[in-house]
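Contents: one structure, followed by commentary.
We just call them A, B, C and D in the order they show up, numbering each chain from 1.
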Amino acid sequence: MDKVKVSIAGGSGYTGGELLRLLLFHPNVEINQVTSESNYGKLVSKVLPNLRGCTDLKFTGIAELEETDLLFLCLPHGSSMKGIDNFKKIAPKIIDLSGDFRLKDKDEFEKWYKEPHVNPDVMQEFVYGIPELHREEMKTAKYISSAGCNATTTILALHPLFKNNLVEEDKTVVEVKVGSSEGGKQSSFASHHPERSGSLRSYKPTSHRHVAEMIQEMSFGKDIKIHFSATTTDSIRGILATSHVFLKEDLAEKDIWKLYREAYGKEPFVRIVKEREGNFRYPDPKILSGTNYCDVGFERDPYSNRLVVISAIDNLMKGAAGQALQAFNIMHGFDEKTGLEFPGLHPI
Amino acid sequence: MDKVKVSIAGGSGYTGGELLRLLLFHPNVEINQVTSESNYGKLVSKVLPNLRGCTDLKFTGIAELEETDLLFLCLPHGSSMKGIDNFKKIAPKIIDLSGDFRLKDKDEFEKWYKEPHVNPDVMQEFVYGIPELHREEMKTAKYISSAGCNATTTILALHPLFKNNLVEEDKTVVEVKVGSSEGGKQSSFASHHPERSGSLRSYKPTSHRHVAEMIQEMSFGKDIKIHFSATTTDSIRGILATSHVFLKEDLAEKDIWKLYREAYGKEPFVRIVKEREGNFRYPDPKILSGTNYCDVGFERDPYSNRLVVISAIDNLMKGAAGQALQAFNIMHGFDEKTGLEFPGLHPI
Amino acid sequence: MDKVKVSIAGGSGYTGGELLRLLLFHPNVEINQVTSESNYGKLVSKVLPNLRGCTDLKFTGIAELEETDLLFLCLPHGSSMKGIDNFKKIAPKIIDLSGDFRLKDKDEFEKWYKEPHVNPDVMQEFVYGIPELHREEMKTAKYISSAGCNATTTILALHPLFKNNLVEEDKTVVEVKVGSSEGGKQSSFASHHPERSGSLRSYKPTSHRHVAEMIQEMSFGKDIKIHFSATTTDSIRGILATSHVFLKEDLAEKDIWKLYREAYGKEPFVRIVKEREGNFRYPDPKILSGTNYCDVGFERDPYSNRLVVISAIDNLMKGAAGQALQAFNIMHGFDEKTGLEFPGLHPI
Amino acid sequence: MDKVKVSIAGGSGYTGGELLRLLLFHPNVEINQVTSESNYGKLVSKVLPNLRGCTDLKFTGIAELEETDLLFLCLPHGSSMKGIDNFKKIAPKIIDLSGDFRLKDKDEFEKWYKEPHVNPDVMQEFVYGIPELHREEMKTAKYISSAGCNATTTILALHPLFKNNLVEEDKTVVEVKVGSSEGGKQSSFASHHPERSGSLRSYKPTSHRHVAEMIQEMSFGKDIKIHFSATTTDSIRGILATSHVFLKEDLAEKDIWKLYREAYGKEPFVRIVKEREGNFRYPDPKILSGTNYCDVGFERDPYSNRLVVISAIDNLMKGAAGQALQAFNIMHGFDEKTGLEFPGLHPI
């Protein structure tokens, strides 16, 4: 089979580096070019230490990108929407990992991002990049906007409930616990080890941008609220979302099991994790590093109509590079798991 | 001034050991006896490694307790209610750090603890041990039941709001992030380092016992709900509570500032922490290790009537030994900060 | 190609579980049986949480082992030497991951293990399991004893120096920094998270058993000393060995480069890591989790004849299951990297 | 008693901040001024989050320092030697916490620091700041240069051995494991949490500057070697030094016990830690955070003439601010433990 020729714009950051790692081992991919302005001309293996001995690639500059089959964009916020016209000339297919094209509505973008969208006409051309929600569209898509990491964790937890109109619209509360890699590769005093290690930092109690994606994907024509907060932990990778929803009617745990089995029973990357005992009886990002899984579990509150839904991912995988590769596989008719087989380590 | 002679029943666990550390440096205390069945006869400094060079005390057995001015109970769950008649003969004053006497209502106890209370008549004799709520009663109290660690963190965050009837009664959601010392000194596979380190474990998504204390202290005659979940993190000490309440009327941040200043402006151990910038702009248990502070902060959600209240403590201090010593100081008319002056370390 | 049918005796511990993970994804292997006495009859995926969705295998008992092509032994210390006669009847080929058959000399075994060897006649039948040293013997071996994790890290660092008679025999000092998974799956107060997390514990300042392997493999007929100490860190996986050797003659860094290139230039799993700058300019186990690499680097002391050699591995991979699988590949003529391609994650 | 009026030049870094914390609670100290160029005019409690509610001090500039009884210098490398003439005019007594005046010999300084000393004449005026070695000189000293953190840990471990001429001069190997606070408050990509957390980085395999102090203090006229390496761990505070010395004559453990008891039996801040069992049977920095202790233990190698000496401190306390305050107490005739009574926490 002919290989798909891909390039990565922005391959030295944490997301781009992770994507590059996956693509290097993908049997149907040939890597064309990888760009990094700050590491221009350097060997990839000097910049991404886990790729020592795995590749002879060098970083090139974004201005030197040649025509290719598909272009992955792993650029800083704003760069994709600014450069999209040019990127379209380079490749007929694009998968963007930034937040620039996740929303369909210009006003929503500007409400949550507090800035104008410089290319609003293109917003509708992108398929929102969670395969479990948009697999059919992806099969024929030219442009995919890979979903936000916190949005992915939350949406996969709650989508079956909202879709089936089971929860009170205005009461959902979600708190994500996130690791430090979510902040990217740029160091700062906030990420200085003596300051950050061991901290539990309420870095975004309200107004997180990813809420806009959640509302877009789970409203189904209603006016819903997702009361969202984000706290950083001492982890590097991993997101744990604890979602509290309030059921409109009294569902037993077996009803909820059925609901999630129907939604995800055939999904290769969503596992329902809910056991009676054991250290990992509920989803825990600890054992997901390097995997593309989203684990989802739940517990009914016996004293109220609350349902607690627990979900976990590796933010650089199912929350970024892995999910983008899953979409890539769907776009090209490859087995969806290709290049994403790593099951994760335990203990780790 | 004559010193108060105190004994500790159960001094080798994490709570009892922390209390012992504080009492050894308290200028108005003389330690009479410290018990530990499993370390009977051993030097305290062989069992509590941080007390090397600080004391020549040895552990004795609980059956050998002599009469004393005040008895601290740091025993396993159930031991205080079983032995209370005997403990009353040993000391005219008792501070219990277990959950046995925190609730006033036998039915509530049995609802949340799933077991009968063996001494329900004594429940009413204990003052609930959060000084910020019950300081006046403590001044003349004989028996104090020190509050639960998760309950303390939550109650100090939300009490001013419930007391002033500002929040919708049925919608409050609270999630605590807790460290491993909360589980005590007994090792198990759940606390085995390769399993526990780096994990984010949803150990109690619903039905946590401490909810009963929260309802008892914040109901004010209404039927309130606290939708509570607890997640463990990689920390050893420290609790961070993220509380989501929904305001009945639209309060601006300055109104909420005023509310908390009125509640806690003169409190020696509650700090309002809410800054525009900085790594510690909101409460973070990282910098509270060894201190008796409860830090409280908040953020108004601009898109809804939600208020996010953030609070943090050291679970072994303000959540256990420190708060018990604060109550002790109040009972005896000592300056409330005596023995609790340590400001905490940074970085740590 | 026909697949090799293998069984694992002791598949629920950390080493056995890691080996099982690797074998499940090995294209030339069919897993026959996996035993665990304590998890008899349970689904593997209930016990090893990272294998959820990857296998339907159940644990069986060791007494029920059937004949198979090759048997991996991942049993507690002493079980292999006690049961070896029986294991030989089950399989014509055996790879033992315990310490029972690493040494060739009964007296050395008893000196370092402080107990008699119950089957000393069999000691000579095993090939010592570091492929970089014994690849040729492995190709025709029936029995392989996989090397100790600390021994592997140290030997791969120092073997080229001792082999070429470059270091003073009696002065070598080695200190390894090791993670908690090295202690196995059995929990204890020593591994209790509040005790272990954040500690730097001198758990074996002298007399570590693995020294015997180092001397066996690096003596070359001389009387050498390896002054060895082991310290535990807060990691779960990973060993960093810092080895201090004293050169007989003055070698420049380029001479040492040459030496290591000759030794390891064609090795698939040994990388020389020594760069001018960067966070990972020297070997660091942080980026080796899940990989079979041993990274080796060095620095010449400008003020003395000391050479500091730095080496790092993942103790469960190159230090146990990965190295055993590498040996398995060699025994069967498979590409040595089969099933061991994972390059590791960054950041992690 | 009149209080000593002190100022701190450089009070917003980790060392200066720790010193400020200690001084605020010292009963015989009045803090005059604290400087910080980058935080000029800000409240101390906005910059040092653990001091919230403890002080109303504001940072001033170094150019505004007024005359005072004693000046602490916590400035970046090189600033003390450049400004010493001016600092002498401000205060009759100076305690410098930088490395500028630790060495007595200009050539040694330039050998290890790779730069000229700009004020070599003043080098001899400073007393080297380890009280256990120079207590008598400190009592009448005007100028004290507080010792390096790694040097303190190593010297307190080995001084009794070198002083009594018990170890082979050229064979000592020392490796320190250090936390991230040793690198100071300035953030960089090297200290970026995703890069640093969980790493074991060989940051200084050879040529560490602190070796010069060790040689100065332990040579006793001989030509000794300290083969030193430093590795960073995931800790924030704390140093563990593992020192390997080779004994000239065969000393039993009881002889070594005697040696250390004679050296440190009356020292308030050096504890001999060597027990038969327990998680903290050897020194471990984990339980030393916030304390001024240096714990020292040892183990004789039964197979050679090696003695392994293990020592641990909190680098910001006994390795910097705590040791400086201990020296301050000695200079002024105060009880040496004043302001340094905190025993440390467990668990932490």
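One rule holds for everything that comes next: a contact is a pair of C-beta atoms (placed from the backbone, for glycine too) under 8 Å apart; a residue touches a chain by one contact, two chains touch by 3 or more.
Because the structure is predicted, anything quoted here is derived from the model rather than measured.
Undergrad: Which chains sit in contact with both members of the pair chain B and chain C?
TA: A, D
Undergrad: Centre to centre, using CA atoms, which chain is the farthest one from chain A?
TA: D
Undergrad: Determine the centre-to-centre distance between chain A and chain D, using the mean Cα coordinates as centres, and give it in whole Å.
TA: The computed centroid separation for chain A versus chain D comes out at 46 Å.
Undergrad: Starting from the mean Cα coordinates of chain A and chain C, work out the distance between those two points in Å.
TA: 36
Undergrad: How big is the gap, in whole Å, between where the Cα atoms of chain C centre and where those of chain D centre?
TA: Taking the mean C-alpha position of each chain, the two centres sit 38 Å apart.
Undergrad: Give the residues of chain B touching no fewer than two other chains, as numbers and ranges.
TA: 14, 181, 189, 194-196, 198, 234, 236, 279, 347-348
Undergrad: In the complex, go through chain C and note every residue touching chain A.
TA: 14, 17-18, 21, 24-25, 46, 48-54, 181, 236-237, 271, 273, 275, 278-280, 287, 289-290, 293, 341-348
Undergrad: For chain D, which residues count as touching chain A in their complex?
TA: 14, 179-181, 183, 185, 187-189, 191-198, 234, 236
Undergrad: In the complex of these two chains, what residues of chain A are touching chain B?
TA: 170-171, 173, 175, 177, 189-190, 194-196, 198-202, 205-207, 225, 227, 229, 231, 233-235, 238, 240, 242, 244, 279, 282-286, 297, 299-304, 306, 308, 310, 312, 347-348
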